[in-house]
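Per-chain numbering from 1; labels A, B, C and D assigned in written order.
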Amino acid sequence: MEKRELIAYRTARFFEDGDLVNLGIGMPTMCMNYLPEGVDIWIESENGVIGLTGAPKEGEEGDPNVVDASGGMSMMRTGGCCFDSFTSFGLIRGGHVAATVLGAYEVDQEGNLANWTVPGKTVAGMGGAMDLVSGAKKVLIMMEHCDKHGNPKILKRCTLPLTAVNEVDYIITELCVLERTAEGLVLKELAPGVTVEEVVSKTAADLIIPQKIGCMV
Amino acid sequence: MPKNKVVSLDEAMGKLRDGLTVLIPGFVNCGVPETLIKGIIEKGYTDLSVISNNTSIKGRGIGMLVHENRIKHITCSHIGNNTETVEKVVAGEINVTFVPQGTLCERVRAGGAGIGGILTPTGLGTPIAEGKPVIEVDGKKYLLEKPLHGDVALIHAWKADKMGNLVYRRTARNFNQIFATAADLVIVEAEQIVEVGELDPDVIHTPGCLVDMIVQI
Amino acid sequence: MEKRELIAYRTARFFEDGDLVNLGIGMPTMCMNYLPEGVDIWIESENGVIGLTGAPKEGEEGDPNVVDASGGMSMMRTGGCCFDSFTSFGLIRGGHVAATVLGAYEVDQEGNLANWTVPGKTVAGMGGAMDLVSGAKKVLIMMEHCDKHGNPKILKRCTLPLTAVNEVDYIITELCVLERTAEGLVLKELAPGVTVEEVVSKTAADLIIPQKIGCMV
Amino acid sequence: MPKNKVVSLDEAMGKLRDGLTVLIPGFVNCGVPETLIKGIIEKGYTDLSVISNNTSIKGRGIGMLVHENRIKHITCSHIGNNTETVEKVVAGEINVTFVPQGTLCERVRAGGAGIGGILTPTGLGTPIAEGKPVIEVDGKKYLLEKPLHGDVALIHAWKADKMGNLVYRRTARNFNQIFATAADLVIVEAEQIVEVGELDPDVIHTPGCLVDMIVQI
């Protein structure tokens, strides 16, 4: 599997049948292609809808009033429903969303996340990210292990402005799965062919290495 | 509540003036009151303070106000979908205050519902927390976020009866429902205007008592 | 006119055409029978409905799902709408209700109101009264001037537990209309045949007596 | 979210136990989940803490729990419609905590939406304010009111699809919509159960993701 495919494949295995899940824009939406047999999840989109299924396919007629969290037209499945943004964030903040899946610029060993701004470079704004990360029951970060220059993104302490404090539960990369516990980041699983040494060398955070480490696939 | 609140775009826009605080709903460019925005542009109003979730996309919706330099300050959660807004913010032509999307909903709802403030975990420990009181309730910390209120709200409805009872369509509802509660003057553009009595009392999203004027798109 | 009729007649003259009004249980509902020509008001009932018209008349079929603030079946007029209790009190607290009309055990010259409990005698609870009195734009108290023993109910300072502080705007009794101002209670109008002396003798509060006093009818 | 949440009354009631905190909607006796309440009585559960607006009327709805002495403590806004509740409260058989009706809505909604507290003007300067923090925002004083949350919510719906999407009827909506957001276990009784897809996504009042079990009345 290609890097991003592996990450999506593994992340999709965090979901249970019937879960209500918010998937961030970009790589997180790829999870839908890798759901295990028998696992049917419902997508909560923060703009006020449950049950989005993706852009209209050829031959399907979209409704410009049905858009996803990036503003693109999407189809809705039977059984979905719509509500206003206030209600939507009530669901999110109230812990009614089983998992939120997002990318990150940086994550640290205390479960802090930075994914909304790089001072002097981006001024997009945080959108719903801060609410999603503070509110969802489980926060899953899916990202490439290092940045495009090969520098670690998993740090002892985030250097960028934070999105939320102590909220990250799992980090899924092309190298490994890390769980954030009260004791620190635990190396739970490795990708096929990846060694503990490789993960440690590409991670700037302290890692807890248990005796038994699982495999991502 | 007069029986018929339907007016011309020109008459509705005649109630505005330079420098107002305007609530404008919409998610990216879905559910944005584009006809009313064009009305603002035609009337030449400027120096507006806008409260919105984002600024649509370049050249569309709220993006028209950006392009025509009518916005002095914007309170929103995200501008990343509109490159022109980003440029003008970077150039210092528009002041921006970022508010997390769920907090934006809560603050406007508080403004419309006579709530003096709300305590949210969103943004704790992030740059959003700067200058805001942190209040502890039963051992958990929260940010105190204050109400937002507008001089005018511009609303996009799918159906309006002539008294102003409104129904929104799918994800075009987004911020419309809450924004309609929190301004001194509420102007609605409607895709369809129907007779009083045609909307079932249980499917009305916004009671007519909140609406001052209705414009046919 | 009988006492209560006079009070209802005068109170009904505080409403403007189209006003959204909450009428308390009992005497306040009598206002509907005395609306001036050309004044059509809409009833907001705190249990989540606009447009109640009263109990089904002979030959009308009621819906047990449509009840008024006392729990009794009511009819709804065309153009009304339903919403949940949370939204209902958002409308009330947010100042979207033009007037609330209630009875009182005691009112005082600072606009304080006591109308929910008599310690040792009643344990009914405040229901929506505290929210209505704090939230509505105008608070109208309609009541008989003295209690059934002839003791003043309009006092220098309420003795019973309060419903709200400084919120009463007008007191309408069978003797007079009093306006609560920053300076105190002003005697605005007298009932036909009632003298200033009679009002003063039956009132325990300080009254401001202007040179010109109107007539209630 | 399993596809079919419809269960027998017996199965649903099997999930409860003595001593739970139970959210029970309804205004007087409209929109009260009477079938589920009968289920509680049949199972013999007792020592319940009830959060409700009132206690229906004598012998009906929540009044059945009162009559059968199943309630240890009740948090509500009003008990005046039920003489039996008043007697038992006076006799010290039921403890009552009165909460203004609008504040009750806000507190339960806060509990369901992850809000740590809200600031309201309601109750300032009254006995309700005792022991509660007063917080000043922009020169105005407010009471800090804390969230309420239940172990179980019992909900009365007009229509439910098998996934739990709910529609309420007229003023029977009242507290149902908010109470369904604020409990660990949400059990619905429905007048009509329909197939998934029969309810329009825009008229659904409660998303199915909030509902655990549905019982046909």
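Keep this in mind: a contact is a pair of C-beta atoms (placed from the backbone, for glycine too) under 8 Å apart; a residue touches a chain by one contact, two chains touch by 3 or more.
Everything numeric here is computed off the predicted structure, so don't read it as measured data.
Peer 1: Starting from the defined contact criterion, work out which chains touch subunit C and subunit D both, please.
Peer 2: B
Peer 1: If you tally contacting C-beta pairs, which comes out ahead, B-C or A-B? Let me know.
Peer 2: A-B
Peer 1: Averaged over CA atoms, how far is the centre of subunit A from the centre of subunit C? Could you give it in whole Å?
Peer 2: Centre separation, subunit A to subunit C: 55 Å.
Peer 1: Find the geometric centre of each of subunit B and subunit D from their Cα atoms only, then give the gap between the two centres in Å, rounded to an integer.
Peer 2: For subunit B versus subunit D, the centre distance works out to 32 Å.
Peer 1: Express in whole angstrom the distance between the two chain centres, defined as the mean CA positions of subunit A and subunit B.
Peer 2: Computed from C-alpha means, the inter-chain centre distance equals 29 Å.
Peer 1: Rounded to the nearest whole Å, what is the centre-to-centre distance of subunit B and subunit C, using the mean of the C-alpha atoms as each centre?
Peer 2: 34
Peer 1: Give the residues of subunit D touching no fewer than two other chains, as numbers and ranges.
Peer 2: Touching at least two other chains: 106, 109, 114-115, 120-121, 168-170, 173, 201-202, 205.
Peer 1: Where in subunit A do residues touch two or more other chains at once?
Peer 2: Residues 49, 76, 82-83, 89, 92-93, 134-135 of subunit A each touch two or more of the other chains.
Peer 1: If two chains touch, include that pair; go through all of them.
Peer 2: Applying the touch criterion to every chain pair yields A-B, A-D, B-C, B-D, C-D.
Peer 1: Taking the touch rule as given, give the residues of subunit B at its contact with subunit D in the complex, in rising order.
Peer 2: Touching subunit D from subunit B are residues 106, 110, 114-121, 135, 137-138, 140, 142, 144, 146, 167-170, 173, 200-203, 205.
Peer 1: Under the definition above, what is the set of subunit B residues touching subunit C in their complex?
Peer 2: Touching subunit C: residues 1-2, 109, 111-115, 161, 163, 165, 181-182, 196-197, 199, 201-202, 204, 207-210 of subunit B.
Peer 1: Taking the touch rule as given, give the residues of subunit A at its contact with subunit B in the complex, in rising order.
Peer 2: 45-49, 63-67, 70-71, 76, 82-86, 88-89, 92-93, 112, 122-131, 134-135, 161-165
Peer 1: Which residues of subunit A touch subunit D once you look at their complex with the stated criterion?
Peer 2: 17-20, 42, 44, 49-51, 76, 78-83, 89-96, 134-135
Peer 1: Sort out for me which residues of subunit B touch subunit A in the complex.
Peer 2: Counting only subunit B, the residues touching subunit A are 27-31, 53-54, 57, 76-81, 86, 89-90, 96, 98, 100-103, 105-106, 108-109, 120-128, 158, 168-178, 205.
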